[in-house]
Amino acid sequence: MSGIIKKVSVKKGLQPGALVHIGDKKVEEVKIEVIDYDAEHFEEKELAEFRETEKYIDESTVTWLNMVGLHDVQFIQKLGEHFGIHRLVLEDVLNTDLRPELDDYEDYIYICLKMLYIEESTGQLLVEQISLILCPKTVLCFQEVEGDAFEPVRERLRNSTGRIRRVGPDYLAYALVDAIVDNYFIVLEEIGDMIIKLEDELMNDPSNETLRKIYAVKREMVMLRKYIWPLRELVLKLQMSESPLIEKGSKIYIQDLYSHALHITDTLETYRDMISDMLDTYLSLSSNKMNEVMKILTIMASIFIPLTFVAGIYGMNFEDMPELHHRWGYPAAIAVMVIIAIGMVYYFRKKKWL
Amino acid sequence: MSGIIKKVSVKKGLQPGALVHIGDKKVEEVKIEVIDYDAEHFEEKELAEFRETEKYIDESTVTWLNMVGLHDVQFIQKLGEHFGIHRLVLEDVLNTDLRPELDDYEDYIYICLKMLYIEESTGQLLVEQISLILCPKTVLCFQEVEGDAFEPVRERLRNSTGRIRRVGPDYLAYALVDAIVDNYFIVLEEIGDMIIKLEDELMNDPSNETLRKIYAVKREMVMLRKYIWPLRELVLKLQMSESPLIEKGSKIYIQDLYSHALHITDTLETYRDMISDMLDTYLSLSSNKMNEVMKILTIMASIFIPLTFVAGIYGMNFEDMPELHHRWGYPAAIAVMVIIAIGMVYYFRKKKWL
Amino acid sequence: MSGIIKKVSVKKGLQPGALVHIGDKKVEEVKIEVIDYDAEHFEEKELAEFRETEKYIDESTVTWLNMVGLHDVQFIQKLGEHFGIHRLVLEDVLNTDLRPELDDYEDYIYICLKMLYIEESTGQLLVEQISLILCPKTVLCFQEVEGDAFEPVRERLRNSTGRIRRVGPDYLAYALVDAIVDNYFIVLEEIGDMIIKLEDELMNDPSNETLRKIYAVKREMVMLRKYIWPLRELVLKLQMSESPLIEKGSKIYIQDLYSHALHITDTLETYRDMISDMLDTYLSLSSNKMNEVMKILTIMASIFIPLTFVAGIYGMNFEDMPELHHRWGYPAAIAVMVIIAIGMVYYFRKKKWL
Amino acid sequence: MSGIIKKVSVKKGLQPGALVHIGDKKVEEVKIEVIDYDAEHFEEKELAEFRETEKYIDESTVTWLNMVGLHDVQFIQKLGEHFGIHRLVLEDVLNTDLRPELDDYEDYIYICLKMLYIEESTGQLLVEQISLILCPKTVLCFQEVEGDAFEPVRERLRNSTGRIRRVGPDYLAYALVDAIVDNYFIVLEEIGDMIIKLEDELMNDPSNETLRKIYAVKREMVMLRKYIWPLRELVLKLQMSESPLIEKGSKIYIQDLYSHALHITDTLETYRDMISDMLDTYLSLSSNKMNEVMKILTIMASIFIPLTFVAGIYGMNFEDMPELHHRWGYPAAIAVMVIIAIGMVYYFRKKKWL
Amino acid sequence: MSGIIKKVSVKKGLQPGALVHIGDKKVEEVKIEVIDYDAEHFEEKELAEFRETEKYIDESTVTWLNMVGLHDVQFIQKLGEHFGIHRLVLEDVLNTDLRPELDDYEDYIYICLKMLYIEESTGQLLVEQISLILCPKTVLCFQEVEGDAFEPVRERLRNSTGRIRRVGPDYLAYALVDAIVDNYFIVLEEIGDMIIKLEDELMNDPSNETLRKIYAVKREMVMLRKYIWPLRELVLKLQMSESPLIEKGSKIYIQDLYSHALHITDTLETYRDMISDMLDTYLSLSSNKMNEVMKILTIMASIFIPLTFVAGIYGMNFEDMPELHHRWGYPAAIAVMVIIAIGMVYYFRKKKWL
């Protein structure tokens, strides 16, 4: 279940920097893609073994190395050695249960983010960890599964539109992070739709099921918060970074990213307030219903119990009950009952219960 | 519904800086007004095409270019090119679902704010996004619909009253922001009136409807908070700004604006506390009523159930029930009932329920 | 009602710095008093027109100009011109719905504070805005009504006791602020007394009225918080100020004021916690009472309903009910009832309900 | 009652620095003790009048002047004049309703703290204010009553154990503050014991009394928070202080004090969470009980009301009721009742109420 | 019970730095182990007396001195004297009720942490305090009991794997802290499992026992928070430290540790939110059940009470009740009852209670 810490106990006792894949194996085979480009040139290829990568990563062109599936520990180790990535960073790449963060290791910048999806059929939140390592001429990208979120970036590279082909790997890294963040907006949009639907349901026909759904959304908000909240700090770090890896011209894009991050966290907070208010509303409505139920019971009981009592009296079998033999006895008893009933009704009207 | 993120998914996969209008098309036709002035001179005109604007924006006078409706993407693009506005900023101008913010791009300052109205008929909160770009001799202003909030500023410009005609575009930008902020006070005033009315209703005649209204105001407060909270930070940024676009003489006005922003956020917090207390009061009152209902039921049942039981006993048809044949049987039974009733009443009085 | 924003809409569309009195006219006629003193000299006078003030404010002695009532806009305008006060400051002086604040305008310091009273008859919180402007040799003071809070300061000036006659206008301003802050302690003392009384009532004889009173105090705390909270920041600003208007010897007094401000905000928080706990206590007590009511109902019903049923059976008119004709039928029925009753009582005792 | 602001209104209108004793007179006679020591020398004496003190405070030895009872205003005034203590500080010493704080007046450091006790018989929190003034060779200490918290410090001075006799008055001041802080641990320990006892009571035999006790502890926590919270800031100020009054060698002790302060505030927060959880538990248990009560009522009523109705039908006196005369009428009626009863029981079993 | 402050009162009145063991004696005999190593050399030994240690701690190799059991005060004192550890630090080592913290004493760094276990049989949280003192060539480690958390570190030292044998004592200290922090992940994993199980129980078969378990987990979270929260600040201090004791090459590991600390505190917060939501869910479900109970009672009572009343009427023994003698009297009465019953059922259907 999302939100609960993963089986890290498998690593218990291993030394820091030990390379172990933590998380579920989500794809059968590891797939390694390379996109190599500069303003004039573009090449896209799927690789079979590590040796092939060397051709691309030594060139002067910008290289985007994308790895889908994390269980090929050896490949990652070789890659790490080639680029001089610290073992601790490689360990983090393999551990899919990390907090989003950005660390600047001078020679490269390591970024860990969560890709979020809402599964259409169940409405559940799916989480995938994406690690980016920004090196001088290369961006290494590690994904758990193949998603379609980076497809537009690939498309832009292929079609040579915009800035992306003319500038360095920092802009590519920005474009990838931006693609992930754009996905957050889509997730928030879907949750927003759920909230609107639930508000509607709540106002028109609230049921136990509504309550269950509200709690389910609330639960997802807790998860979202966990995964999205560190984004703001991460982007701020990127903005404040004085690393030579980030060109000055990219700063304006990062600033834009920061506005998006603020907007997302603001929206999260607003949603939380809304859901909280919906729960309060549900409970108030429920308590009001209870009140109504009690009123009906009280009215019914308060009117009929005394009447039944009167009937009970004249159902007694005492020999010597003069009323029973009187000609007006029965009508009088009925009259008494009617008067009692009217009195009770009047009393409840005065109390505004009827 | 306000507060929920807008359909940003239309932009999915586009490159950053792609110019797409996000939001509802609230006016039929885009309208472009220009006001051009200095201390002696004043001209006000509605423009038909982009070429006409050039005449004004190249002059040495201060120019206020006001665009109502955002779906003429081409005009905005041309304008952006003329003034050297970054595509990311133009993208933000077109996206009506942004967080209020201020960005200083050295050559110009970009301000995004929300104009708020309470729709009189429904009491609902309406939100419109307003973008301002402060350039060296020009203020560009983008609105979704034509509101009357800027009319007083126009009036002051026309009638040449006050400081506004003698100083630069920074004061004009200030005047526009001030007009928006003044509107917040009016919105808060109207919500304040609602709160007073609701408090009154709550104390005198609370109903389910009262609860619904309190939640509706609470909901609006959540929205207001989202739109107004960033104002404080925005004005502070403006005050701290060392941009040459802002003359020293304007600083005192911005400081005043900051006091207003603080006052507004304080008032928002106070309202929140009030509404929160009102809800608690409602729930306490409701729980007290429930208590009262239960008391009445308990009293009625506790008094009459034993009496009915006594009547039931002497309604039994056993042949051999000596009391039934006794001369004082009936009066004695009645007496027992009266004693039981008095006992119960006494008990409840002692418990202070009666 | 206090806490709700005042009718600021009257100013809608006016230019910043437009002098309009916002708030209720609380006194019939504007009254202007002047106190002019130095170590040897003391003069106190009520003025009729603006020209008279000039005599005092040009002198080398310290002058305290006190204006009660704010609807003489012209006087304030002339005063402002004489002392070179910015129109925005004058606008703030006239607007009685401001947030307490301090602004340092180099040539003068503007302080806005709230004077608070508890109206004895109703226990309601009254708020009056007081503006102070500290100029090089003069203190301008603007009040809505004539209160007696400044009387001790006047008395100390008249009787030439203490430091106050020997030092400059900064100490006078301090003395006035100190008088206002001392009043806060008195208000907190009175609210403290209310809280003690309410706690007593709550423990001994809680009623709906108690709940209402607790909410009323809570409501006043919300207001107090709004008016008093900014004090801390205001005094800190004063303490940090490097304005030449504040002599070094006064700093120690301002530090003392800061301790008071901290004490007041701490006490406010403690009161809030207390009131919050009182509400929780009330609700718990109320819920416990409900429980007790339900228990009594359940006990009564559970004992007598089965008994009545037994009586009902032998009240049936079947021809062929052998028990009815048996000699021990009636005593046996009674015995069954007694056994049922004892069983129920035993059951409830076991559950500790009886 | 603790937590409520004291009668400060007696000072209304007095000038700042007016020496008035605020608080209860807790001892009959003011008692002045002096302890004068250096590494070789030790003297301890109770003084009768101010003149006697002069002998000690002019010496080169370290002097600890301890005053129990604060209503001898004249003595304090003389002392203040001798050591050049500002009147505002003396005013604070006399006001027993202050917030714990530390002020550095260059020539001396003023520390105000609360001594806390739990009264054994009632379990109530008692508060006493202790003021310390650290002068170059002297520590002035002012207490409301004579407590035994400083006795260990006296003992260590007398027996010449440890560092205390060799170093300056700053270490003595530290030792006194440390003694006060150690007392906080004891208070927290006692409250911890109460919490454990209450948790036990809550789990095994919760009653209204338990609720009352939990609220009483909660109330004391509010007070503790008020008195202890400022300690952290106070010790931090001491640690950051660059006053020549504090020798470098004492810094390590102050750092230790700071750890204690952090530990105390952490523990306060933990207790608050615990008490809060206990209240929630109580309310949940109480609500569960209510549920059970309601279930029993509903089961009893739902089973017997239909049975009684059936009995009622055959208790009717219509002439023409064929069932009454049928041979199997009575057994059939009984059978119907048994079936209804079994059906209801089955229904409630299915709902898991039985 | 964990979370409650320990019996510190035994130290009341002792001077600061007095060496007293505070806490339970968890092992019978104190055990002292030494591990001495450099890149080539490795020695591991259990020591009998203090003198033996000297051999190791004077060498140029790195020495890890591990002491299990804290009641041998003399040994600790001798050790402290040898390494020049301040008495206050030794006092802290002996006091097992401290807040996690790190103090840099220039010559050595003192670290206090909590080792946490979940006892398998009871699910209870066990806490053990671990103190580390990092000296130039030595790491002193003090444990209350012998745990197996450090075994992997020992194993890595023995087998000469990795960096650990080549570098200084700072890396050893890091490895020990890392082992403790890794244990936190395991504790969080176990609590995560409990939460999942409880969520399952809550959704499928909630009982009073579920509530009790949720509160138990909540209680443990309060404790965890107390013990783990300071970790973040502690590691940050270590990261920011400019102590020569920490080599530059270790910084990257400490940064990694900091990420872990952030992840742990984030997870704690997420768990808190989850548990909080679970409690709310329980209470809502419970309140919904109550509602259902009340509805059944109300429906049963509202249907049968009027019917019983009608039966009661015709059970009266008045002589003159014409209906009783009418031929269609009985069927008519039954018909009336059926109509009433149908009416009530219809009414409740319309209210959606049936």
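A, B, C, D and E are the chain letters, set down in written order, and residue numbers restart from 1 in every chain.
Note that in this section a contact is a pair of C-beta atoms (placed from the backbone, for glycine too) under 8 Å apart; a residue touches a chain by one contact, two chains touch by 3 or more.
Quantities reported herein were computed from a predicted structural model and do not represent experimental measurements.
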item: Superposition rotation for chain B onto chain D, Cα-based, multiple of 5°; value: 145
item: Interface sides of chain A and chain E: same vs different residues, half threshold; value: different
item: Chain A and chain C, separation of their C-alpha mean positions in angstrom; value: 42
item: Chain centre separation (chain B, chain C; CA means) in Å; value: 26
item: Junction residues of chain E, two or more chains touched; value: 287, 290, 294, 297, 301, 305, 308, 312, 315-317, 321
item: Arrangement of touching chains [line / ring / star / complete / other]; value: ring
item: Of chain C, residues touching chain D in the complex; value: 151-152, 155-156, 161-164, 175, 178, 182, 185-186, 188-189, 192-193, 195-196, 199, 252-253, 255-256, 259, 262-263, 266-267, 269-270, 273-274, 277, 280-281, 284, 287-288, 290-291, 294-295, 297-298, 301-302, 305-306, 308-309, 312-313, 315-321, 353
item: Residue numbers on chain B that touch chain A, as the complex places them; value: 1, 3-9, 11-17, 86, 88, 92, 98-99, 101, 103, 105, 208, 211, 215, 218-219, 222-223, 225-226, 230, 279, 282-283, 286-287, 289-290, 293-294, 296-297, 300-301, 304-305, 307-308, 311-312, 314-317, 321, 323-325, 327, 329-330, 333-334
